[in-house]
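Take a look at the structures listed below.
In what comes next, chain A is part of two complexes: it sits with chain B in the first one and with chain C in the second one.
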Partner chain A sequence: MTELFGVPLAVLSGQVMIGLINGSFYALLSLGLAIIFGLLNVINFAHGAFYMVGAFVSWGLLTYAGVGYWPSLVLTPLIVGAFGAVFERTMLRRLYGLDHLFSLLLTFGLALALEGVFRWIYGAGGKSYPVPPSLQGVYNLGFMMLPVYRAWVIVASLAICLVAWVLIEKTPLGARLRAATENPKLVTAFGINVPLMLTLTYAAGVGLAGLAGAMAAPIYQVSPNMGSSLIVIVFAVVVIGGMGSIMGSIVTGLMLGVLEGLTKVFFPTASAITVFIVMILVLLLRPAGLFGKDK
Partner chain B sequence: MAHRYKDFRPRLVSDPMRYGLLALAAVVALAAPMAIFPLFLVKVLCFMLFAAALNLVLGFAGLLSLGHAAFFGGAAYAFAQSAKVWGWPFELSLLFGVVVGGGLGFVFGLIAIRRQGIYFTMITLALAQMIYFLAVQAPFTGGEDGIQNVPRGTLLGVLDLRDTHTLYYVVLAIVVICLLLIRRTVHSPFGHILGAIRENEARVTSLGLNVSRYKLLAFTLSAALSGLAGALKASAFQLATLTDVSWHISGEVVLMVLIGGIGTLWGPLVGAIFVVMIGHFLATSGLPVSLVIGVVFMACVMLFRRGFYGETVEYLRERVLRDVSLRATAGREGQK
Partner chain C sequence: MAEIRLQVSALEGWYGESHVLHGVTFDVKRGEVVTLLGRNGAGKTSTLRALAGVMRKRRGSALLDGHDLLSTPPHRVAHLGLGFVPEERGIFSSLTVRENLMLPPVVRQGGWSVDAIHELFPNLKGRDTTTGTRLSGGEQQMLAIARILRTGCDIILLDEPTEGLAPVIVEQIGKALVRLKEKGFTVLLVEQNLNFARGVADRHYVVEQGRVVDEFANDSLSASMDQLNRYLGI
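Now for the complex of A and B:
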């Protein structure tokens, strides 16, 4: 068997792949957080909960309505996004003029409530979501076996991140979004409906979290606490990367996922806290974050 | 008219009323164990101290920490380990809990204070989660079971704390002393500087004060008091578990401060009673605690951001101001 640093290559590449998958989800979620924070100035604590709801919606569509994986990839973000839009319109909007603290606490409350609702209905145990038939099987890469679904998740989430980046950085819509981030009053004066833009941005951000949840359903167990255990790590990722740049959150997410996978190979006991250790180091050496632009 | 009196701090209740209320609170606190299960009251007291300690940084320095469970739970483990495995006496274990809580707070503070605002909050949450993962893995914490059957011991070798009534009065005394300490801190020059940092950090820096040092000191003090609360809870329930270090506890204690009244001395106490009672009544109802806590959180943020105590004070203040301005108007008209 081929070895690298005294570790079988198959084990090493297997962990790197798991790391890439976790990293894809870190990237998708921190991207959504960064978009919402950029325009709304709100840290969406409920982001992990929306991810969990996305997984449950996708599972529910299959279980109760027989809707398969591909249609639910479209339906889930729409449903979760619509829920987010209603939440933004009815509650979050009233807190924009106030201290950041209150919007954070509101979304924190929402996260707790959503987790509680799903635990109440479905219990703490996990539900499993079958891998769709079209994505079953494995590729034999010679040095390792790569399940098709996992390869799909990595490619798809990279593509989604890239599309989001192009949308925001290269299109007229994105230009308006960035302008509204810089100076909402001026953009309003140009006749652009900023409140609507805020709602749509929030919906898009949480829709992205819902989509991540739908993609995660066949890999992880669909359970009420899948969101809260992820969101804390994503927060650390956001602190490490800084929320200044879209590309920054994508790169940081993937990088930390891989680093976590590698730690699992070399120091298994430390893998749960890898991201936090990196966060501490970054804060000590470069407090603004790797890609941060703030003071 | 009223705006002229905006900074005027009127007496909201008359002196006899104030002393009457204080006396009533004292009587209730002393007589409560006759009517209510003492161990439940001890739990309320521990969370009162915990919430008041968090409020020291949240309310008076404007730092929202979502990592206080690490100090509370860390100290609970420290107390349990030293009292049970090492056989230390009660006072020494309690002190060890305070030192562990304060020490963790000092380290957290050193790291988190490098960033402001919401980043500060996210960092405290992430650091606390790291402590949680360490507690899951460390051999001495007993994993899911926690450290059980922690002996209560005796206070100074005289008072037997296995008697829950004695335990209650001892905890009451400790908590009251700590609350007075917090009150003293808030009204001290140090407390005023914290308030100034909350209102305008850049201004305080420009006055030549080292903002980070003040924040760090406040954070460490808050963590040490949270540690004391955690150690007291571990001694009363003879148990230290993963629940004590989980982020749900950090959230619950923030809710206590919020629902009572951020930045008030009495608010966190009111909030602690309310939230502990919610937990108590839900335990038998089958409704998940986190659902109800979450909904209460949202309702509080949307409807009464000043909290129960804060809104009451505000109501009284407006009433007094109205009286004052009415009297002033009447006085001027009488002179004509």
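Now for the complex of A and C:
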């Protein structure tokens, strides 16, 4: 059997693959966090909860309404995004202009409330979501077996991240977003409805989290705490990548996923804290983050 | 007598708790270039900010073509045809020159084409992909004016466009202003450079401690120079 550093290649590549899967979700979630933080200046602690809600919405669509995976990939982000929009309009908006701490506490409270509601209704146990028929099966890569669905998740997440990046960095809409991030008052004076933009941005960011949840449903158990266990790592990713940096969160998300996977191979006991060790190092050496601009 | 486009009466304004405008009264007629003169800290910039909706805590009245600016939502003011060129120029560092130019939405017909803008400010030609804030100060000022012209607005609030610029650039901006005036734009200009102001303006108001305290027609300026110098502390 082929080995690398004394580790069978199949084990190594298997962990890298798991790392890429996790990294894909880190990237999708930290991307949304970065967009929201960039424009709204809100540290959206409810992001993991929206991811969890997305998974449940997708599961619910299938279970109660017979709506399958593909339509649910469209419906779930819309439903979660709409919920986010209502939350922004009715509550979050009131806290702009106050200290960060207030919006952080509000979104933290929302996360707890959402988790509580879902635990109350569905219990703490996990629900499983079947892999859609069109994505069942396994690719035999020779040195490892790659389930089709996992390959799809990696490719689809990368594509979504790329589209989001292009949208923000290369289009007129993105230019408005970047400008409003820099100087919302002037952008308003130019005749652009910035409050509406904030609502839509929040909706898009949490919609993205919902989409990630829908994509995660066939891989992980759909359970009320699936978001809270993830969100802490995602925050570390955002800090490492640099608050508000779009490309930073995407690259860092994937990188850390893989790094985590590799640590599992070489130093299993440390794998759970890899991300945080990296975070501490980055904070010490480059406080603005790997991709962040010093202010 | 040309109609009054901008009628400001007893305008007061606050930054938070700090009361900085104490009753500003003046008007601007169609096609006029009117300046606000005054020492540093007199309230000229604040007056423009109050009109553009950037300063939100205001009282009194400000009518543009009969529309009440103070009750217009801030993102609707531009749609009344008002273009704002702020003192700090407000060129976005995360946007290219082209993106800066295309950022403000077109609010009505008659906006300038990019070609016409390049003809007015040749310096901006061929700089599309440059980061906005990489331009020189003078070029940033041109870009700040240019992006407003694209929108089709026809009244411009222009805050110290010549501040800190080399004489050749000041001259270019002066020429551009004269062109705008010929094209029928109405301009409210804040200016410290009296020579520049005299070259383009029809009337001048003097602002002192958050109030308009005097007014001069440009024609009679030579006769009132002593008085004006005393106001400006020159």
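As a convention for this text, the second predicted complex is superposed on the first by the 292 of 295 C-alpha atoms of A that agree within 3 Å, B and C clash if a C-alpha of one lies under 4 Å from a C-alpha of the other, contacts with A are read in each partner's own complex, and residues count from 1 in each chain.
The working rule: contacts are C-beta pairs under 8 Å (C-beta built on N, C-alpha and C of every residue); 3 or more make two chains touch, one makes a residue touch a chain.
Here the structure is a predicted model, which is why all the values come from computation and not from measurement.
*Asks:* Based on the superposed arrangement, let me know which partner A:110 touches: chain B (first), chain C (second), both, or neither?
*Replies:* The first partner, chain B, only.
*Asks:* Applying the touch criterion given at the start, work out whether A:119 contacts chain B, chain C, both or neither, answering first, second, both or neither.
*Replies:* First partner only, chain B.
*Asks:* Contacts for A:52 in the overlay, against chain B (first) and chain C (second): which applies, first, second, both or neither?
*Replies:* The answer is neither, since A:52 touches no partner chain.
*Asks:* Who does A:17 touch here: chain B (first), chain C (second), both, or neither?
*Replies:* In the superposition, A:17 touches no partner, neither chain B nor chain C.
*Asks:* Look at A:287 in the shared chain and tell me whether it touches chain B only, chain C only, both, or neither; answer first, second, both or neither.
*Replies:* So A:287 only meets chain B here.
*Asks:* In the superposed arrangement, which partner chain does A:200 touch: chain B (first), chain C (second), both, or neither?
*Replies:* Neither partner.
*Asks:* Can A:164 be said to touch chain B (first), chain C (second), both, or neither?
*Replies:* In the superposition, A:164 contacts neither chain B nor chain C.
*Asks:* Looking at the overlay, what does A:239 touch: chain B (first), chain C (second), both, or neither?
*Replies:* first
*Asks:* Which residues, counting only chain C, touch chain A once they are in their complex?
*Replies:* Those in contact with chain A are residues 52-54, 74-79, 84, 86, 90, 92-95, 99, 102-105, 107, 151.
*Asks:* Could you pull out which chain B residues touch chain A in their complex?
*Replies:* 64, 66, 111-112, 114-115, 117-119, 121-123, 125-127, 129-130, 133-134, 136-137, 247-248, 251, 254, 258, 287-298, 300-302, 305
*Asks:* Mind pulling up the chain A residues that touch chain C in the complex?
*Replies:* 172, 175-176, 178-179, 181-183, 185-195
*Asks:* Help me check something: in the complex, which residues belonging to chain A touch chain B?
*Replies:* Residues of chain A touching chain B: 43, 91, 94-95, 98, 100-102, 104-106, 108-117, 119-120, 228, 232-233, 235-236, 238-239, 269, 272-273, 275-277, 279-280, 283-284, 287.
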